[in-house]
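Each structure below appears as structure tokens.
Common to both upcoming complexes is subunit A, partnered first by subunit B, then by subunit C.
What follows is the complex of A and B.
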């Protein structure tokens, strides 16, 4: 199967004064077309940074020290100027984490969707409006005409996330980075939103990198999974394999930390401090060896 | 008055809060009040953890705020350590304020960004005169930071320099600083990743044990609730869906809504089909009262034949725990018990006899689903020869019998979490068919009875359902001309209605057709039926 996204030995650091702090340490990813790939890690593991490299929206202080990101299906010329992300990577979209801060609070939904659609299509306002309506219908919004006239604060959390999903799919991307899209939602809404993402993905063959810290969601949604800690991928494989027989102690430890409603009450076991320290030490050791 | 034996630290009965809806306010007029939640019953002892679960918008945060009297309840009673604090003024509350604390969802917003950590933690100590001077308070603050597993050197930092998990521990340290007896924790782990979540939950659980805290834990994540709580109440749209001990709630949810909340939690086990179970919120009926039939205990009257018999069979198939099948003559239903040993228990019950009903109510205290199916039809007009005695007989069974059963079993249902009452009526509750005029009168009375009972049991969350079929293919309507629906179909419609929380169902084409007709042209239907006169 053809690859949609290849990340090869990616190293990334953030400049802090005179020093470069390593954030990503040799990331390798190969996502075939149409895969949902889970990217799991605690806060600070570098998941969001990896997503930003792929989207090419790195902050100015971040430097790629080696390695590269490649899209075999869409080899476009490398970006030269800092224009909007869409023009540089028209085949990639983002579903962001927080639907409230990701939408402009003083613009109606219709206007915000129009801005994106106008980048992809040279249509009249009327046609853009119709397209926006169509995209909202695809995410199971029952009254798209009304929603287009509303401001973000008038919608519920689940509805806002649906709007963002519609926006992400509206440019017909081949790759979508979903950065914790359901963390802010409650369980039953989360289930519906996940199903929506999965259905749209299946219909269009989109490749999705699903960034999350919730292993439960990964188990239900993803084909393969990568577990990250301090900028390194510790374990990678098919979801069925990783969950059944995790090979890395960190994966085992994370799985044990999850509270479960189907088990009687017992003390939870958070990832042990020893293991955390050991992983950080390994990361430092990695940096030292690279410098030598 | 509240039935509290004083051992509870916090006890609420029929608690409710309404807040002004400023969006709907008109100029020069007070804003209309909207109920945020109502009729909430809860109690928690020292050392106990009570979970409050619900989706966003269910009123759980408002309830938490009302429990520590950040809001004044607008109805019901709230007791704290045996004392009524429902309407106390702020000055009267002041002496007990140091015994209750709240931890908020967003630690970054709950801490002053310009105060150092040690300063933030020592503030309550100073405010409640628990420390002699600032220095003493600071020292105590460092001790508290150590107690929640933080490095005391973090005390000199500002909130922005700490991670979410660390900040949540700071908030916990601040909450326990004045040794409260009640802590309300509102979604305190929803912003944390799995590992910090486990740490914070363990910390809270340890503190509860060590300090004998009473903990009210608000969350939408049922897995988290299971791992920390003893008792749970589930909220939906400001109403209490069900409550009970955590183990029962998760293995044997009584309400469909609770079950759907549980199933929506993704367990870390690969399963591609789980997503297909997602349902869009288009269900009609009453989501609060919709019942989970699996694992319930049901009692059905009039099981010797027809709909009653089919109901027993349908219930057995849908996974109930136990069915009490009753009939006037035990011998008519013996075969039901024999073919489903341990599942169906037979009982002789005459619903026109008070003593017989009381005995049954005592014997079957575990009933959660009561189906009043027994009834008689003499196929007689109101002015027919057998006169008043016959009409009385029908009234005695169809109306008074149902009423007796509702009265006898209402306390048991309340004890068992609300449950459900199904009254088997007829479309003839709505219109007179002269052919059986005296039956129609008794069924119409039973319909009003059903509506009255529904209103009286609303606060208990009891689903009270009226089933109004047309002609059913049973012995009772032997002489009636077709179309008739098979009794098994009525039984299926009843179970579907219970699962969806329907309050009225009209099984069969005849019933639904007549109902539409009655809506459009009641006089026309009356005239049409007037042609069927008693012979």
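What follows is the complex of A and C.
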């Protein structure tokens, strides 16, 4: 199958005064069309930065020092190209982490969705309104007419995240970056939102890069997974393989670190300090070798 | 936004007004200076002066004068000007429209250019044009309105005399105004030659008043915009296919205006105070100019009336600013 997204030996650094601080160190990814790819790693590993490279929204201080991002499936099907011809990339949507701060607080939901739809469709306001309603129905919102009239602060967290998912899918993207889309939600809402994303993805064959801290979510949702630390991918493979026989000690310790509700007496086991230190030392070593 | 809220706000303004009236009344009668001595020539006899004093009620105790003043004020009577011998209310009503039109135009200039500077500065963030914008704001903000007035007169009135520097309009045009809102009225009545002349005369005083306000507003708005550009909804909008400029003015701007208006709102009230010197410099016949004459002549009733007018304008501008913020941010509406 053709790849939807290929990241090749990507190195990224942020400029801090005169020095360049490495953030991503040789990332390789290859996502076939229709795959849900889990991206796991602790805070600061560079998951969001990787997503921003793919989305082409890097902060001004970030520089790609080598490597590239490619969309092979998109190149061979120029019909997908209509809206973003000037960018030479397919439309890629983002499902963000924080559903409150990701919606514009001073605009009604209907207005926000309408503005996005208007970029792609030359419709009358009435038609745009109907389209927006339809997209909200697809994310299982029962009173779309009312929600369109409301401001973000008048909706619950789960509702806001549904709206954001509807927005993400409304542009008919071929790739979606989901950056911890359920972290801010409570457990039962989380499950429903995850099912929603999976159902929409199945229906449309969207390729998803799913960033998360939750290995349980990866097990349920993803086809393959990459484990990241200090801007490097330590392990990559099919979810079942990685979970059954993890090859990297970091993966093993992550799997052990999952707290188990059925064993409340077991003590919490964070990733061992010496393993952390070792991984950071390896990253420094990598930087030194690249410089020479 | 509801009527109870508005009525509440207006009622809350009453103590402020009462305070302003009381303090000026006492201050004016404690500081040295005698209105009668100012109006009578050196040849006046003791008896003349005493008679005038009694005529204007100045021979009474301060407390007694205050009671008389308040009882008149409640009926809407602001008293009689000592130097002009006319009703203070009518005098102010005649001059107030002049100042209101000047201030409104100055505010429009300030806000318009502040918006352009802040938007452009944000659009060029991190590149040399942004530094140019910052430099311009930095220089402009440091110069007060009356210095702008004097410099503009020197440059555009004296060195290259292309702009009128005195008065409200060409004296050769005769315009029999009903309201004294020359600009509005001439537009409505189709007397465009009057509109032109009034606008032409307004340019320099309005620009002098507007420049410092523009600079401070642009600086505040630009920093609020920059903060807004780092918010997640802006990042998300960038992924949705909006152009760079569109993200700034259609997503970030309205959010940035909320704190920016709250922060720079007080500057708009300073503009009213600024009219005193600027109107004087340009011989502009508004209440600011009138205030200086009133002070020179120790015209107590007129000063008192003008202070009350300024206080009401301050309160109204503040109210408008609050209403504007509530209009911008729906989260403030439904509490």
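The rule is short, and it goes like this: the second predicted complex is superposed on the first by the 275 of 292 C-alpha atoms of A that agree within 3 Å, B and C clash if a C-alpha of one lies under 4 Å from a C-alpha of the other, contacts with A are read in each partner's own complex, and residues count from 1 in each chain.
The definition used in the following text is that contacts are C-beta pairs under 8 Å (C-beta built on N, C-alpha and C of every residue); 3 or more make two chains touch, one makes a residue touch a chain.
Just so it is clear, the structure is predicted and the values come from calculations on it, not from any experiment.
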item	value
Combined model on subunit A: subunit C and subunit B, fit or clash	fit
Partner chain in contact with A:265 - subunit B first, subunit C second, else both or neither	first
Partner chain in contact with A:106 - subunit B first, subunit C second, else both or neither	second
Partner chain in contact with A:116 - subunit B first, subunit C second, else both or neither	second
Touched partner set for A:91, first subunit B, second subunit C, both or neither	second
Which superposed partner A:60 touches (first subunit B, second subunit C, both, neither)	second
Which of subunit B and subunit C A:43 touches, first, second, both or neither	first
Which of subunit B and subunit C A:195 touches, first, second, both or neither	first
Touched partner set for A:140, first subunit B, second subunit C, both or neither	first
Angular separation of subunit B and subunit C about subunit A, which is computed from CA centres of the superposed model and rounded to the nearest 10 °	90
Comparing the two partners subunit B and subunit C, which touches a greater set of residues in subunit A	B
Subunit B versus subunit C - smallest C-alpha distance in the overlay, whole Å	6
Intersection of subunit A interface sets (partners subunit B, subunit C)	none
Interfacial residue positions of subunit A with respect to subunit B in the complex	42-44, 140, 156-157, 186-192, 194-195, 198, 213-221, 239-240, 243-244, 254-255, 257-271
Contact footprint of subunit C on subunit A as seen in their complex	55, 57, 60, 83-84, 91-94, 96, 98, 101-107, 115-116, 119-120, 151, 153-154, 164, 167, 171
Contacting residues of subunit C [partner subunit A, same complex]	125-126, 231-233, 235-242, 250-251, 254-255, 258, 328-331, 334
Complex contact set, residues of subunit B against subunit A	55-57, 163-164, 193-199, 201-202, 205, 220-228, 246-247, 250, 260-262, 264-272, 274-280
